[in-house]
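First the structure, which I've put down as structure tokens, then a few questions once you've had a look.
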Amino acid sequence: MSQAVPSEISPLAQLPPICSKLLEAKARKGWTFDQVAKVIGKDEVWVAAAFYAQAKFTADELRKVSEALDLPSAQALSEIGDHWWPNRGIGPTPPTDPVLYRLYEAVLVYGTPIKAVIHEKFGDGIMSMIDCKINVDRKADPKGDRVVLTIDGKFLPYARW
Amino acid sequence: MSQAVPSEISPLAQLPPICSKLLEAKARKGWTFDQVAKVIGKDEVWVAAAFYAQAKFTADELRKVSEALDLPSAQALSEIGDHWWPNRGIGPTPPTDPVLYRLYEAVLVYGTPIKAVIHEKFGDGIMSMIDCKINVDRKADPKGDRVVLTIDGKFLPYARW
Amino acid sequence: MSQAVPSEISPLAQLPPICSKLLEAKARKGWTFDQVAKVIGKDEVWVAAAFYAQAKFTADELRKVSEALDLPSAQALSEIGDHWWPNRGIGPTPPTDPVLYRLYEAVLVYGTPIKAVIHEKFGDGIMSMIDCKINVDRKADPKGDRVVLTIDGKFLPYARW
Amino acid sequence: MSQAVPSEISPLAQLPPICSKLLEAKARKGWTFDQVAKVIGKDEVWVAAAFYAQAKFTADELRKVSEALDLPSAQALSEIGDHWWPNRGIGPTPPTDPVLYRLYEAVLVYGTPIKAVIHEKFGDGIMSMIDCKINVDRKADPKGDRVVLTIDGKFLPYARW
Amino acid sequence: MSQAVPSEISPLAQLPPICSKLLEAKARKGWTFDQVAKVIGKDEVWVAAAFYAQAKFTADELRKVSEALDLPSAQALSEIGDHWWPNRGIGPTPPTDPVLYRLYEAVLVYGTPIKAVIHEKFGDGIMSMIDCKINVDRKADPKGDRVVLTIDGKFLPYARW
Amino acid sequence: MSQAVPSEISPLAQLPPICSKLLEAKARKGWTFDQVAKVIGKDEVWVAAAFYAQAKFTADELRKVSEALDLPSAQALSEIGDHWWPNRGIGPTPPTDPVLYRLYEAVLVYGTPIKAVIHEKFGDGIMSMIDCKINVDRKADPKGDRVVLTIDGKFLPYARW
Amino acid sequence: MSQAVPSEISPLAQLPPICSKLLEAKARKGWTFDQVAKVIGKDEVWVAAAFYAQAKFTADELRKVSEALDLPSAQALSEIGDHWWPNRGIGPTPPTDPVLYRLYEAVLVYGTPIKAVIHEKFGDGIMSMIDCKINVDRKADPKGDRVVLTIDGKFLPYARW
Amino acid sequence: MSQAVPSEISPLAQLPPICSKLLEAKARKGWTFDQVAKVIGKDEVWVAAAFYAQAKFTADELRKVSEALDLPSAQALSEIGDHWWPNRGIGPTPPTDPVLYRLYEAVLVYGTPIKAVIHEKFGDGIMSMIDCKINVDRKADPKGDRVVLTIDGKFLPYARW
Amino acid sequence: MSQAVPSEISPLAQLPPICSKLLEAKARKGWTFDQVAKVIGKDEVWVAAAFYAQAKFTADELRKVSEALDLPSAQALSEIGDHWWPNRGIGPTPPTDPVLYRLYEAVLVYGTPIKAVIHEKFGDGIMSMIDCKINVDRKADPKGDRVVLTIDGKFLPYARW
Amino acid sequence: MSQAVPSEISPLAQLPPICSKLLEAKARKGWTFDQVAKVIGKDEVWVAAAFYAQAKFTADELRKVSEALDLPSAQALSEIGDHWWPNRGIGPTPPTDPVLYRLYEAVLVYGTPIKAVIHEKFGDGIMSMIDCKINVDRKADPKGDRVVLTIDGKFLPYARW
């Protein structure tokens, strides 16, 4: 049975056409992002980001991923190869999808407290969202399993000149 | 030397006046949120949330915190006691402060990939931002210490009726 | 112990000053909205709406409510008496508070399906939000009690002229 | 006579193409959402949500619904089968359609009173819009029939950590 | 000479394709909305609303209007027949077209005074925009003819429960 | 019994302080806008507009109105006398109050049809919202009295140069 | 060499397709707006407005302009002939193009002073943007030539009724 | 009789307090902007801009203007003297006041045509809103006097580097 | 291997189709903007601006650039030749891409301080963004190379008239 | 003569009250930011940022700056001492002041080209706005002096995990 990922709706309509091709191929294979990630030794969230054009595969990674998904690598290399750079940031803001909105709600409700604790522990600066790693884990819990989202970003102190 | 936390500027202008009093008292004592948190057996991020009126102290906690900070508990109980309920969500959106914006940028850039991985691991549902715990840790790193932000929320499957 | 309801923060800052006085008096008495409602034979949600200046008490109701709450009725009658009309609609949109946001999310996610079913059952028209009654009930449930929100509004067919 | 549901206009333009196909097939059969719902033992509002890609059919349900509507199940399974996850939240905000706007107006006018009553009856927490059921009933009334919209959602108390 | 009404520009791009076909057919015949309205015994403004998918023709009206405009009724019945419900509200807000903006300006400038007078004359409630009739008349005036726009809507008193 | 019109809430907070004084004086006298209007030979809607600083009294009218309302004319003349010009347009947009929103909804739903009929009857131009008169009448109706809102504005043809 | 005016980008994507045809034909001929304007005895700014569908040619003007630009008049008459009315207002707001933004900046910076002077010289009313003429002239200046933009609009006093 | 210019309402609430003092003093004297302008040899529109803190008086001009208006120059020099720089741009956007909106409408409707003509006459560049002069004149006309607004700005060609 | 630059996604979807052709040709050749720039003696940032339709090549430059990139010059001259003028300003605001957002953040955080220093050094006026040159340099640094962005714009003093 | 910097207007109304005191003291002394900066060995732009609460002085710097400006250091230390952290990002967006808008325009017009060149020279990553230095220089030029704004920020490559 074929699996289609319509490319004309949000957020894919904003992205290079190869993105829906990659997602379709992955669906056809019935693979998880983690399975794709293992092909190139990366994390599943990072690979998901790359599938949504929010991170950049190397040409070598693109070839390996395409091959693993039975997809000719030519279109991928042509569209999101070395000459291409991600145009990051997708979807409406504020997000309307409840999964995304809950993340946004975390910023609304806990953003200021998090900022206060970061300053207390590190001083004047920020948590980098560039030099950062993001993980999503499933933690078993008798009262209902839990999503554990970890954002591990370098602290960058403000320059003073 | 006195420490003032002006109550008329963002985000405190949106909050009960006791909030700036609590922050001032904490500054006067020179305490961290973690020190306040230990008084009532809670986490520092949760206490910071409560100081910014984004979480609700019990009356008993309010008394202990007030006492620990050399603040009469009457104003606290009067303003944010049992009869009061948080009006959550503070600050402008999109946030302009770079610390807050980086969290918001995480939603813009990694929100869709996180959603994709959550669905893959859990099915159709969300990570609760109500039954959730948030921690901010400092991880030593020779290339620069890192902020490790963990959001641990219960997975809630969508009802089907 | 006194109970204060600061009038300078959202949404009270948008409302006649008597609103925070009424809420304070109610907190001082330790009454529920339902207890206040019984004084004048109304529903608790409607009374809450009137306390937030979203519905209009009659002069007689204002007198009875003030008396029951040990509040002189003069200020109430002076501010929100017969000559006053509600200026409805409060709080930011989209709402940032999670309780309010969930109601808003219901419109985002289920609004179109609800519209489709209303048309199917009633034809071309709307559910009135003027000739309507709203109730909030607590339903016991072993897996966690449930909020049952009922909106009962007259169907108004579109005029054709 | 054929019935067309143009897929290029709001909100269908935001949704997988199968959505307009399902709505067309239902129109062709002259069925109500309730009739479709009975095929799979679900409620009409939930089925309407699934037709608008705001809820997720199981593969089995998709097959039954397609068959009942004389539609080949292949396209449905290909587009909104197991590999697909709803991207929830449709239509403009604030809504411009009067049926949808009235729901939104309920949030503007009665949202804060509802929040106040929920807190009074349940404490600090929210009504879940994930573990919730929504019904639309027609209540006969000599002065004009009424729409009775019921939202039955689990109360979720705020975690304190 | 043919008359084309391009369907890909605002507000027609938001509407069922039949709308531009109806407007084209009317232009080809050189008819006014009033002439179309007389065919089905309705007012010209209501018919214009129906041509812009803001009101709903009965199947019988659609057949008569199609026939009168030398248009096969099949497409009309297929697109905006019994199974279709208007998705009301069109064009950008605030409107940019000066004709529409002047109506919007009336709300900005005279809306509050109109509200004050309505309350004074009717009490707490609204003028229905569902049970309402709208007319546009031309009144001769030596200093320049005048547009007389009349909105005649039922007063709906607020329910109190 | 005194009647207070708090000046610090919307829309009065945007207006000269004399506005709430005028509204208070009118409330104290128990007068309608029509009664005030008769003092100076004007219409009630226009007088309401002037009370909300959306129209400009002459100095003579201000004196007569102040006197009729037992208000010293000095403050009125000082604040909104000859040297003052209205800064028109009040309240949030889109309006949240249901009375005002219904007028706004008329623009959303019927604005384009009204524009179409105006062009058909008058050609390329607009209905003036400057050279216009607005009336609000109560029309008795056994099924419920009706609000008849009339906007009578000069047609202004577009200049061609 | 051909000259193409792509019709799918802003602001042409909002306009009838004939607009890009007219602009292309003008470019092919190498004419200025002034040369086109002389064909029908109008001003160049007005003709530019008509080319961007912001003003309405008469059928006769359309024929003359089409003929002068070696364009068959049929498409023009079909699309923007007698049955068509401009839908005015184009481009994003605030404008992003620096030429347009400077005009917008004039409103931001000098709008209030201009209003103050208009009221001083004319009383309570507005400068009509309907009965108005706009010119753009080049004035030689040794320090750099200057653009002289003149807006000549009828003063319209506010009606008082 | 005193003339008050309340400083707490838009746009004065955004401006240095001296602005309302200057406007009050001018009102008290009964002067026009032109009369003030003659004191320092400037144009009335420029002086109005300076009164609304949108242009900068020299210290000498401030002294002369204060003296002419019987105002001590100390407050003016203290608030908007040499150390002060205008923070330009006032009022809401889009403007709600009809006088200001008409200017804004000119940008919406005629902005693109004006841009097209500027490029045709001058090439790639802009009309400066910094090196510009703005005048408002009254032109007598038997059909109604006209406002002639002239914006005379230097053409600035785009740098190419 | 072919290199494709999809023209239907942001910001290219807003630009003349030739833009993606130029970017594709450059990618196919494997050239930098600097290499293209040397062909016509311009800076790389300016050439990048021209490739994104934010600056205007002369016809001669277009021919040279097309030839150097093995592209027929006809399409370029046809689309963005002499008759074409840039419609400047691209991408969403606030920008969501982190590279662009950092520039925007510079305005939010350092804009007011930069304004203060410009006024101190130059008086009342602005830094021209028309008569300006922008460079991007790479500065080697043992702690991590640095981007040096220089904006060199003419100071324009405010006219006083 | 005293110099006042009113603290209740934008952007100072958003900032700790000490900010207007510091700016007033600097104005009273007649110092430039550069003169203040020399007291603590910093750059003038950085000091201006600190005066507008967009950067953080050390306690020692605060003491030296206060002393140099004849200001008691107590208020400064109390308000923006060690316990305080900047809440960065000030003023409206998009900015309305022309000096600030020109910087914003640089992002709109040249942001995408700058991004393209940064990627070409550095790969996938951003220019840090945290580890960055900003300078404003005056460059003499016979055709008009020029503002040279330099932003020197560390390149941060995107993490891949």
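Labels A, B, C, D, E, F, G, H, I and J are assigned to the chains in the order they are written; within every chain, residues are numbered from 1.
Definition applied: a contact is a pair of C-beta atoms (placed from the backbone, for glycine too) under 8 Å apart; a residue touches a chain by one contact, two chains touch by 3 or more.
Molecules present, by chain and UniProt name: A, B, C, D, E, F, G, H, I, J = Cyanate hydratase.
Bear in mind the structure is a predicted one, so any value in this text is a computation, not a measurement.
J.: Using the contact definition given at the top, which chains are in touch with both subunit B and subunit J?
T.: A, I
J.: How many degrees of rotation carry the C-alpha atoms of subunit D onto those of subunit J, rounded to the nearest 5?
T.: Best-fit rotation on C-alpha atoms: 180 degrees.
J.: Could the interface between the copies subunit E and subunit H be described as same, meaning over half of its residue numbers are common to both, or is it different?
T.: The interface of subunit E with subunit H is built from mostly shared positions.
J.: What is the distance, in whole Å, between the centres of subunit E and subunit I, each centre taken as the mean of its C-alpha atoms?
T.: From the centre of subunit E to the centre of subunit I is 46 Å.
J.: Distance between subunit D and subunit H based on Cα centroids, please, to the nearest Å.
T.: Here the centre of subunit H sits 54 Å away from the centre of subunit D.
J.: Touching at least two other chains at once: which residues of subunit E meet that condition?
T.: Each of 11, 46, 86, 88-90, 93-98, 101, 105, 108-109, 115-116, 119, 126, 128-130, 132, 134, 156 in subunit E touches at least two other chains.
J.: If two chains touch, include that pair; go through all of them.
T.: Touch list across chains, by label: A-B, A-C, A-D, A-I, A-J, B-C, B-D, B-I, B-J, C-D, C-E, C-F, D-E, D-F, E-F, E-G, E-H, F-G, F-H, G-H, G-I, G-J, H-I, H-J, I-J.
J.: Tell me, which parts of subunit J touch subunit A in their complex?
T.: 42-43, 46, 55-56, 85-86, 115-116, 119, 124-126, 128, 130-134, 156-161
J.: Hey, which residues of subunit B end up touching subunit C in the complex?
T.: 13-17, 74, 77-79, 81, 83-84, 86-90, 93, 129-130
J.: Provide the residue numbers of subunit I that touch subunit A in the complex, in ascending order.
T.: Answer in residue numbers: 1-6, 9-11, 27, 30, 92, 95-98, 101.
J.: If you look only at subunit J, which of its residues touch subunit G in the complex?
T.: Going by the criterion above, the answer is residues 94, 96, 98, 101, 105, 108-109.
J.: Applying the document's contact rule, which stretches of subunit C touch subunit D when the two form their complex?
T.: 11, 32-34, 44-46, 48-49, 51-52, 54, 88-91, 93-95, 97-100, 102-122, 126-129, 132, 134, 136, 138-139, 141, 143-156
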